[in-house]
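Two complexes come next, and they have one chain in common, chain A, joined by chain B in the first and chain C in the second.
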Partner chain A sequence: MDTTNITNGIGKSQERREDFRFLTGAGSYIDDMNLDGQAYATVLRSPEAHADVSSIDITEALALDGVLAIITGEDWKVAGYNPIPTKSAVRKAIDGSDLKEPPHHPLAIDRVRYVGQPVALVVAESIDVCKDAMELIDVDYDSLPSVSHQSEAIKDGAPQIWDIAPNNICLDFELGDQKAQKKAFSEADHIVTLNLVNNRVTAVPIEPRGALASYDAGTGKYTLWNASQNIHAGRDTIADAVLGIGKENLHHIAPDVGGGFGVKNGVYPEPILILHATKLLERPVKWFNDRSESFLSDTHGRDQVSTVQLALDKDGTFRGLRTETVGNLGAFCATVGPFTPTGGSSRTQGGPYRFDAIYYTAIAPFTNTCPLDPYRGAGRPEGSYQMDRIIDYAAAQLGMDPIELRRKNLIPTEDLPMKSPMGLDIDCGNFPEVFEQTIAMSDRDGYDARVQKSAAAGKKRGFGISMYLECTGGGPKEEAKVSFREDGKIDLSVGSSSTGMGHETAFAQILAGHLGLEIDDVVFRQADTEATAIGGGHGGSRGLEVGGSAVLQTSREIVEAGKKIAAHKFDVDADKVEFSEGHFHVPGSNHTMTMREAIDAQNDPDMLPDDMEPGALNISSVFERGIISIPNGGHAVEVEVDPETGTIKVDGYWVMDDFGTIINPMLADGQVMGGVAQGLGQALMENIVYDDGGQLVTGSLMDYAMPRADDMPRMVIGYYEDAPTAKNLLGVKGAGEAGCVGAPPAIVNAVCDALKDFGVHHIDMPLTPERVWRAIEDAKAS
Partner chain B sequence: MPLITVHVNGVETTKEVEPRTLLSTFIREELKLTGTHVGCDTSQCGACVVSIDGKTIKSCASFAWQFDGAKIQTIEGLANGTELHPMQEAFRTHHGLQCGFCTPGMVMTAVALVENNPDISENGIREGLEGNICRCTGYQNIIDAVKTGAKAMRG
Partner chain C sequence: MYEFDIITPNSIDAAKSEFDAAEDGQFLAGGQTLIPVLKQRLAMPSDLIDLEHVHGLSGISASGDTISIKAMTRHTEVAADHEVQAAIPALAKLANGIGDMHVRNRGTIGGSIANNDPAADYPAAVLALHATIVTDRREILADHFFTGMFETALEEGELITEIHFPIPEAASYMKFANPATRYALVGVMVAKSHNNVRVAITGAGPCVFRDAEMEQALMGNFSPESIKDGMIPADDLNTDIHASREYRAHLISVMVRRAVAEAVG
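This part shows the complex of A and B:
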């Protein structure tokens, strides 16, 4: 793929064009939008983890002044809509049978299966009336035994959540060569085993989920403004698969969205419910979650329990890797839920290290908990944690140096391109160099002195490193549409969507830079099913890779069309015309025409060659990615642990990333730093906890800890830019998720290094002060 | 219903409010100043921070009727037309925001921090922003923005 001639506008820390409105309070998020005659909706949610709904009495609530409608599971049954389907890319179990997909209706029908599941929708003149009405709805629940934990759910005799899924198993999965793995294990000198918990967390975008729906009875068309990351796919599922209204009748738009991180990617019950309500009432209907509801109903992430085994020789050479995982799905198959612990977690097994063989298996059971779906990384953080934790654990068990162990086993550059044992196409990169640069930037020379200083204060200092390898994902296609207005403005519409990543800037930077036009003239539109025919939304770090490439492809096609206009003016063949820095010219002549002049000429038939129609520079182009790219890099961390209290201070953080070409370093840094914060949160404090009765214990920000400004270290970030990929036009490898992939193992490795003298070599995340203190005390006692 | 008069961003407004109406709801729904955001229901996230008579409060944790006669500044009252306040400008320069949802509360808190302590240290900034959660940035660029904003505010 041609990645040359992309210099204009690339590599510059362009300030963001969206910031003025965000900084002045002029952003337009869902809850900032209101329509004339609008009604409000709230959702009555199940307080039971598993129960039969024997009756719902809405009489008193309906009689309340201002209540417009109450919709229950009975109404939904009568309406005859289809359930919300899963779009998991992995759909077959190991024996070839289909995954078990229970019917996921937006409202519980006859039985509830997790705390927070929608039971009724209340629509009223105000939110306050909705809330008063919810108090008056009388639901009789007959409690059933429930199961919260995946390891319990698969045991014989566990409560059965769905008749179609014996032992609650949705599907199982394998990848890799089991025979080769067994052979490698039988030949290796050592086999080290480590049991790991990848804790259940949730994304907590600061804007909760919400939507606003309207219906035009005259045309039969619906409009849905939705705090969503995936407008086109969401439209297809909601309109075609669930409601059966035809996707042409649903205009789906995401306005400014206050963070997503994967949790706003899937199709949720509430927007579907308010679409039903808006038609029923012929009034716009708005619904907006509060934070407590978000904890109950936003899909959760991670939640895997795994056994990892590393086979290696006496000299430290890795031979084989075996991972078995049990990944919680919650009560239903969410939009891509079953994919995460299976395909999603398997692909990057082994990281950037060389192995004879790898074999991965997974079991994905249902539990009486909120459904799980992608959260930033979705499977790659789990794989990275498994790989880089077991290296340090093995080093501790075998008396080896974890840094040397990595150095010895990184895939050498001469092996690239290669197919990994998991089938991943690793086309380019330089893992040994990235590793050495990570070490070099992390101030190792001063380390011993800092260890002494910590020791003098009664503290333990530790150093940890991880070398992550990940892969991008999400929809492979994106459309970029450009049209030039007579007033000089340039409309740019792209199907992907930004929830804070800065597409409005980066995409305009690519277009304006390539065409030699002013970035301020670009008017950006995204995440709107009527702006572009297709769109892949946001997910899998695909924004620049697919969306940015589409913008560049359209830009190039505009240049080619512009050459014909210039050639017509110059009276030469189009292939004689060249374009650089915003000018068409013919080498060896003094012919010159600016891009702006060509744009002005495009509507004047006299200025166009015979085979060109007016408006020929208004071009829409679809870029399709063939193969996903392989971002990779190193994280290094220094921590100081107080053994008396178990508190951890993250005292130094260094990252060296290979994202291929860097388009806007400022935005790339922002992605890395935000990702590291989420990885640090998972490693040290964040934890979604259900009790044995299926009640959510961590249902508010008072209970669910998130990193604050004083929890974060200063991060130093560098980029290895000598390995741009040829898999897309920009040479980029997705940057969005890498931070939270590399951070957890590096941080836990650093803490275990600090505590090695106590004999503590593993603690399950999150490493709260209590857990760290107990691990130290337990080790002392033994 | 209580009748209250407030001065919001220099404009005097008199309105009836229900006793249960939160200040954040009053600002957003009655005054249509939607820059003040609500990101939680336990006064943890800080997206709703506004300034009352020079002191910051979380507007989701107070009732509107409590503020009869108060001078309220929201994020909409910080810039002078298209000229950003130095703290807003510093957030832009340092990429101290991504999705923008926590930003109004973060900027209002930062301005008050610096007004109360013009020479605030990095640790002081980090501790001072404890009541504001940002999920996008990892805080580093926010800290750098507040440092630059403080310098500009000192003049």
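This part shows the complex of A and C:
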């Protein structure tokens, strides 16, 4: 039997088909794209955190040779476009009133509210001319008091950023049963309280944001190539909600995109501005951020301060959990901004642990900082950090063993399926087993010897664990469209989009594996509003869950249609035909037909039954997810701390993930490692800092520390595959965000374990060497 | 960047006359600081005089008790040079820890010293090893060369041609890297020769500096125990989001102790 057809199947570590293109510079990113007659645009950004714009003088700049247009807030007001709306799923405050949504125009109108806010768009024959012109624009700012930190913003007397939002509060939020939580707290033996900072970070995708716009005056149609991870939703917002040009008149395409992590999910000002400019000038217009602008203007993530309280009994049984969060929104409601500290951070409260009751509240204020929007995990990392940190903290306070405390309180398998106190539909999993496997893989037997070895070198070794539970998200629907070309190639278009995660491989793997065809024949197309009618882009670890399921669903429909062709040839009823390993056959007969033969037959009317049209195997299908899935797992970490300098070395890392079915272990490993790198970055070094005047202190890679390869530990990754979910066709649970959900609490737990002899039981992220050193010194002094 | 002319002379004399002729000329060595500065539009020279093709400005030689490194020698070459590795291993280690591979392949010792970035590595070596900086017009002792933040004793148009490093009995460089840039948050070069000990500290203050108290203590007893916490007052040290002046003061003591321990072997 020819076995080549089945080697591409699910579960194989198929090498990434896109890597050769990416790694040899053959990718096509925005900055690689150029159109005839193209002009260039740059954005003049506010140097002020909060100021009235009393005048903008563009006379000199406009007179510069090569300058084509300068667009200011005044022009935008005249043009009469609508502001960019937020799509936050949480839209009501606790009292039922609407969230306060200030008008978010692409250019500042009359007032600026954060450093980096676009003030004018300059279009010229070259980027150098744009920059020369920007230096000649004279903006008069009348400075106003500003506020950078959310805890300051909600205080009486704080500078007011929007008239519609008293005390700068956009909305407040609650979830859970407050009465039951209070009861659990009143009955519990202990209540442990911990204040936590979830530090503000930014994604730093390797490709900054950029876009290229063109306009066809003949047809009235626009084309926008955009480094975006969500082009269908973005098209609807830009074309319908903001510009009012009709979404049918905007062809929105994301070419190769170099990293997203949520930061390219939202609708930003700049692509809208260049769409306006391309029509105005009837020339293509290209804009591309430099790295410094990315720090100023890419939406930031996290930035929550929380008080977490754990109520537990003497024997360690968890009774109740109470979390109060203040989550920074920045100066505007970004695309999903208000959702993150509210709904996004509430759903996974409590993690995989059993509670009588949980009650979560949040306040989401505006500040004079860059808007915040989802960053990998968007709320689940915050929830996981709160849960797994307070377990270790409580264990330290009460003299308990953090491992035993977890073992005692994990939701037992017999409780599943269940609805969590937060309303989360936990259908399947085996938390105790995943926990025991995480412990088992992490070489506990050799630990004491390693502690001794570290001690001999003057170092402190510590071990930490976290058991994360998260949930997927993003748009519930996805389309997968397949058409077979005469040359044997197979066009596969999917509405999910990859910003480097490997869809071109995994989706092709599912299609080719299911149909018994060659993966190399699959030509992948994504992120194009003309390739698929709908598309949910990339976000919420939804790629395989929704997009992959759509590919499988389309594959199945192709097989069913193929059975009819085979039945026609075999002259039997279609329900007698079976399909396996790329072949249609009838059990008990010699009839056989390959998928490739059926594909060849689909364009020959003689080969088709009467009720089939030529091209019947070219199928598009939409999969709709019912309920989001629940990825979960354990992270175990060993660290070695140099108490003299406060330096942390992450010296061992073990992960056991329950992502349901694993399609391509190599891609899953990549997701976990990348997620852990970002989680490690947040735990140990990444930190966006604004000073009290609202200036961004960490405005470049000279100040914003990120992990490098030599900061990363050797990782051992395992998968628990015995609990596939029935919520989607593949049984997958979403792998994309889990790494950065599990990593921060596990790493901080390990550091606090290493420092327990000093009496250090908590340090706020990022655990920089100085913070660690100070914590030790402070503990020694007290 | 703003527009400028680029000139590529092939002799020191030609480079000097091009500099003199330029309205606002600037020498370009490895460009690892200058090019980013130009890209950010933070400098506007009329002419860049590229030293890349100037004859006789690159190479390493050893003679008796001295290692001589020409100004345009790349960090990679210093790191990999067998004579440097044998005579002053601390210098090879220092060079190998500058920036990343790309920076080390382009950056030059002369460029680094002339720029005198307060967080650069080389100034600590030049100062601790009691090097002599040779220019197109004179010789300058290290003690007189580094005059302030990004400031040196170099005169307008003066060009470093070579640095002479006396070979010490023992030396060690310990660097605590800034987590973002991997420049020195604190970098310490300790060098011992003929009962003389020199301790040079970079990254911690506005300019590389020596510490007399630590040197005296180490001349009395060249041992880590000689270095006590608090020997360096924090008052004049740098403070930023990565390290407060108190933490830098602490790190200096730790790094000097570790350098001495390594030098003692």
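Basically, the second predicted complex is superposed on the first by the 774 of 782 C-alpha atoms of A that agree within 3 Å, B and C clash if a C-alpha of one lies under 4 Å from a C-alpha of the other, contacts with A are read in each partner's own complex, and residues count from 1 in each chain.
One rule holds in what follows: a contact is a pair of C-beta atoms (placed from the backbone, for glycine too) under 8 Å apart; a residue touches a chain by one contact, two chains touch by 3 or more.
Keep in mind that this is a model prediction, so the values were computed, not measured.
> Looking at the overlay, what does A:644 touch: chain B (first), chain C (second), both, or neither?
second
> First (chain B), second (chain C), both or neither: which does A:714 touch?
first
> So, does A:705 touch the first partner chain B, the second partner chain C, both, or neither?
So A:705 only meets chain C here.
> Touch check for A:419: first (chain B), second (chain C), both, or neither?
So A:419 meets neither chain B nor chain C here.
> Mind working out whether A:25 is in touch with chain B, chain C, both or neither, as first, second, both or neither?
After superposition on chain A, A:25 lies in contact with chain B alone.
> Going by the touch definition up top, name the partner, chain B or chain C, that contacts more of chain A.
B
> Once the structures are superposed on A, label A:258 by its partner contacts, choosing first (chain B), second (chain C), both or neither.
first
> Under the contact definition given at the top, report the residues of chain A touching chain B in one complex and chain C in the other.
Shared contact residues on chain A: 292, 701-702, 706.
> Quick one: in the complex, what on chain A touches chain C?
Chain A residues touching chain C: 131, 292, 644-645, 685, 687, 689, 697-698, 701-706, 768-770, 773-774.
> Applying the document's contact rule, which stretches of chain A touch chain B when the two form their complex?
Listed in rising order, the residues of chain A that touch chain B are 15-16, 18-29, 31-32, 128, 203-208, 256-261, 290-292, 499-502, 666-667, 669-670, 673-678, 700-702, 706-710, 712, 714-715, 739.
> Any idea which chain C residues touch chain A in the complex?
By the definition above, chain C touches chain A via 40-41, 176, 178-181, 241-244, 247, 250-251, 254.
> Help me check something: in the complex, which residues belonging to chain B touch chain A?
Within the complex, chain B touches chain A at residues 18, 20, 28, 33-42, 44-45, 47, 74-76, 78-79, 82, 84, 88, 91-93, 95, 97-104, 107, 123, 125-127, 129-130, 132-143.
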